[in-house]
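Shared between the two complexes below is subunit A, which has subunit B as its partner in the first and subunit C in the second.
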Partner chain A sequence: MNIIEAKNLTKTYRRFLKPEGLRGSIKSLWRREYIQKDAVSSLNLSVAEGELIGLIGPNGAGKTTLTKMFTGIIAPTSGELSVLGYYPNDLKNEFKQQYAVVMGQKSQLFFELTANDTLHLFKEIYGLSESTFRETKDYFTNLFQVRHLMDVQVRTLSLGERMKMELIVALLHNPRILFLDEPTIGLDAIASRQIRTFLRQVNRERGTTILLTSHYMEDIKALCPRCVVINHGKKIYDGSTETLFENYQQNKRISATFPQPPTDLSLPDGAQIIEQTPYKLVFQTPKESVASVLTDLMQHNPADISVEEEEIGALVERIYEENKTV
Partner chain B sequence: MKPFIPKNPRFRKYREISAIYLKSQLAWRADAVFQMLFTVTKILFAYLLWGMVFSQRDTVSGFTLDGMLSYYIISSFLSQLELSDGVSGEVSERIRNGTFSKYMVLPVNIPGYFTAMEAGCVLFYLGFDLAAALIWIFIFRIRFVFTHSPLIILCALLMIILGLLFMVQLNYYLGLLTLKYEEIGTFLMIKSNLVALITGSIVPLALFPEAVLRGMKLLPFYYITYLPSMLLTGRCREEAVTGILILCLWCLALGGLIRITWKKYRVKYDGAGI
Partner chain C sequence: MLAQHKKNIRVIKELIRLRFQKIMLFRLSFFGPFFVDGSLFAVQLLVFRAVYANVDRIGSWGRGEMILYIGSFSLLNAVSMVICFFGLNSIPYKIKNGDMDLYLTKPVSPLLRFTFEQVNPGSIPLILMSLCIIAYGAATAEHSIKTAQIAAYIFWLAVMEILYFEMEVIIRALTFFFVTDARLSQLEEAGIDLCMKLPGIAFYGIYKVIFYGLLPYGIMATLPVQSLVGEMSLPLACFGLLVLAVFTALTAVLWKTGIRHYNSASS
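On to the complex of A and B.
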């Protein structure tokens, strides 16, 4: 059963164009010019209940606008939209009772109070019984291992701990859909990995549909069997994440730091240096050569090595180019 | 798994919203102490000022020194409870920076959320201001002039609650106008001047012609702090019922206006910045 259905969904923003300088400011008092920008354009999308789907695209692609339309925060300019059988922008409480949204940099927590205080508020807002509240809270606090942090003032928590609390608050009422916008932004590798494990478990054990918006390819690759790529408000890819990486990812990004400047370090053909200092080297290399590059690097006794996915922009560009030639 | 959709007891969520804002206020202990000191200082100044005035005569406009101090303590106490000015700024700011979405995604009535939030803050100040006022009434041995009629006390309390509710609604409404006008500074200025004029802060009400005064009494501002203070000090009893009716009508009208405005202009909200 499809839980989200969007047909020809379009959102057009009107932007005020102010001419430069004081003269322009005065002129714009009585004569204003506007430009239209399609943030989302004729987008079709279906999401089935229980899916964990990734929404990726470069900055300004329209991912967040799409999430805002799905949650009812903004109204579409045209097209059809149904989420859980509701038109989201009607903002019906019965609809809002069934989803949760976590925006990486916007918080529902009260910073001067404890996470427990916020959880009590959400218990009442969502009308949970005491037993459901206790059971759900225990489940999530154990899963995240944050029981000892529940009575600590939120503003003293680390970014990673705060994000865990945000997720617990969002999932307290057992929503059918969880919209996540950049949940791992600013988090270190360990915290990001914990968040991913948590999301996978919530999706598997509770059947929560998760729509994840992220810049980080690691998030998408680790979590989402299906992903949708958006660029300039248009859907340019919708399918298996594995196929996306298989077909469009050509490179990996490797970062290495050394206790001593390495001598006679050679890079394979096609490698491209991004940053180089005596003690640090960041470069991009074809994914086929990663294994041999790592073997070479290990001979120089590095202090640290990390291998990351290629940035989203490069993938989008390749998909875009391919679509143009088809 | 089926979602949990309860038959929610309607007001429990708003009670909890008030409670969490009350707890937030209590987190700032220094603020609480300064608030108490501020109330004390105001009473001290009023005592010294009116003490000098009444050293030359026994009554001023029908008030004795104790009557005047009682009126002053009550009206300044009520003015300090009226904290809703911040609501318009907060709503406006959140609409402009996109964080208003935070309320839109919750299954609550948004004006109700802001009203409950204000109630939490008011409860905090109510506690501290009341304690400070009682201590100083005792120290200065002010023979507090207070009505003995339970009915008038009830009317005054109802009027205070309606007045505070009206001011939250008004400020919420003005903040909401950001959806249409982007900049609401002018509206806020008009509101402040109107409130100051009608409560007699700019020109003493006695200087206005009778017809103008009658017109002002149709507006709600007269009933926010001035009339409840007069009622509690045993004056203007005949205006009690009219005041409550007028405030009720204004609250209903503004509630309707908020609903219409929100319905009409919420499509303009673009949640910018998130």
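On to the complex of A and C.
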């Protein structure tokens, strides 16, 4: 059963074109020019209940705008939209009772108070009984292993701990859909991995549909069997995440730091240096050569090595090049 | 409907509880406003004393009625300061920087949250001082005051407190439509400042149109005092209720349209 259905969904913003200089500003007091910007353009999307779907695209692609339309924060300019059988921008309480949203750059926690204090407010906002509240809170504090942090001022928590609290607050009322907008933004690798593990567990154990917006390829690859790529507001890929990486990912990004500057370090054909200092080397290399490159690097006794996915921009470019628009 | 009201009351209680916990974390933020608001109130009284030192009457009102007027306006202002002023005042900022997003996604009215999430106990002494002034004014007023008039006075105070709240919402909700509020909040401050010193019965002509109909601060304390001293007429009562009805409808339309008009902010 599909719980999100979007047909020809479009969101257009009007932008004021300010003429240059004081003369232009005076002129614009009487006559203004506007340009239309399609943040989302004729987008079709169906999401089934229980899915964990990734929404990826470079900055300004329209991911956040799409999430805001799904949650009713903003109204679409045109097209049809149904989420859980509701038109989101009607902002009906019965609809809002069934979903949750976590925005990586906006917090719903009271910074000066504790996470427990915020949870009590949300208990009343969602009209939860004392027993449901206790049961759900215990489940998530155990799952996230944050029981000892519940009575600590939020402002003193680390970014990773704070994000766990955001997720507990969002999941307190057992939503059917969880919208996540860049939940791992700014988090280190360990915290990101923990968040991903919890999300997978919540999706599996509670059947929560998760729509994850991110421009971190690691998030999508680790979590989402299906992903949608959007660019300039248009959907350019909708399908298996594995296939996406198989077909369009050509390189990996390797970062290595050394206690001593390495000598005689050679890179394979096709490798491209991104950053190089005596103690640090960041480069991109074809994914087939990663194993041999790592073997070579290990011979230079590196202090640290990390292998990351290619940036989303490169994938988007390749999808365009091969003209595989959906 | 009843369940929704019960839920709203529980949310209000929790918001107030959280607010108290928050301001009690910092002793200065808890005790400071008592001193600041008390000082501001004393300044207002001094201004009033200077203005009315050489004025014995305004229309049919003597000094006692004027004291009642000052006390009533101060009470309206103080109740707003305690309950909703600081929360409502944050609306333009939350609209501009996109903080409104998270309010819209929760199954409780955003306006209810704004109204009660920044209650200010520091202004409670202002309510007590205003009540003292009203009692003093009632004792020195030339008109005799009966029980029914006191009941009518309380009714009109409640009506005007709602109107006061609506004016605050209307001015701040304009941010939904315009990036700036065109300094309308300064117009609000000036209107309150003027009408705190001068009762509505002192206005004539265009000033009466402005302060009775467009920025109805002129009637806010005038009508309650008129009902208390027995000067309330049926047309005046109907006018007061009509103004409330018009501004209630305007607030509802502006707020609902504003929310639909909201475009968030780029992340």
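To be clear about the criterion, the second predicted complex is superposed on the first by the 323 of 326 C-alpha atoms of A that agree within 3 Å, B and C clash if a C-alpha of one lies under 4 Å from a C-alpha of the other, contacts with A are read in each partner's own complex, and residues count from 1 in each chain.
By our rule, a contact is a pair of C-beta atoms (placed from the backbone, for glycine too) under 8 Å apart; a residue touches a chain by one contact, two chains touch by 3 or more.
Just so you know, these numbers come straight off a predicted model, no measurement behind them.
Superposition of the two structures on subunit A shows subunit C clashing with subunit B.
Look at A:P175: by the touch rule set out above, it reaches subunit B but stays clear of subunit C. Looking at the shared chain after the overlay, A:R206 reaches subunit B, while subunit C stays out of its contact range. Shared-chain residue A:V101: touches subunit B and subunit C both. Once the two structures are overlaid, the count of subunit A residues touched is higher for B than for its counterpart among subunit B and subunit C. Legend: residue contacts after superposition of the two complexes on their common chain; A:S129 is shown touching subunit B, with no touch to subunit C. In the superposed model, A:K68 lies in contact with both subunit B and subunit C.
Of the two partner chains, neither subunit B nor subunit C is touched by A:E321.
The intersection of subunit A residues touching subunit B with those touching subunit C, taken from the two complexes, comprises 13, 64, 68, 71-75, 89, 91, 93-94, 96-97, 99-101, 103, 105-106, 108, 110, 112-113, 117, 120-121, 123-127, 181. Considering their complex, residues 1, 3-9, 12-13, 15-17, 19-20, 23-24, 27-28, 99, 101-102, 104-108, 266-267, 269-271, 274 of subunit B touch subunit A. By the touch rule above, subunit C contacts subunit A in their complex via residues 4, 7, 10-11, 13-15, 17-18, 21-22, 25, 98-99, 101-102, 104-108, 259-260, 262-264, 267. Across the interface of their complex, subunit B is touched by residues 13, 64, 68, 71-75, 89, 91, 93-94, 96-101, 103, 105-106, 108, 110, 112-113, 117-118, 120-121, 123-129, 132, 153, 173-176, 181, 206-207 of subunit A. The touching residues of subunit A, counted against subunit C in their complex, run 13, 64, 68, 71-75, 89, 91, 93-94, 96-97, 99-101, 103, 105-106, 108, 110, 112-113, 117, 120-121, 123-127, 181-182.
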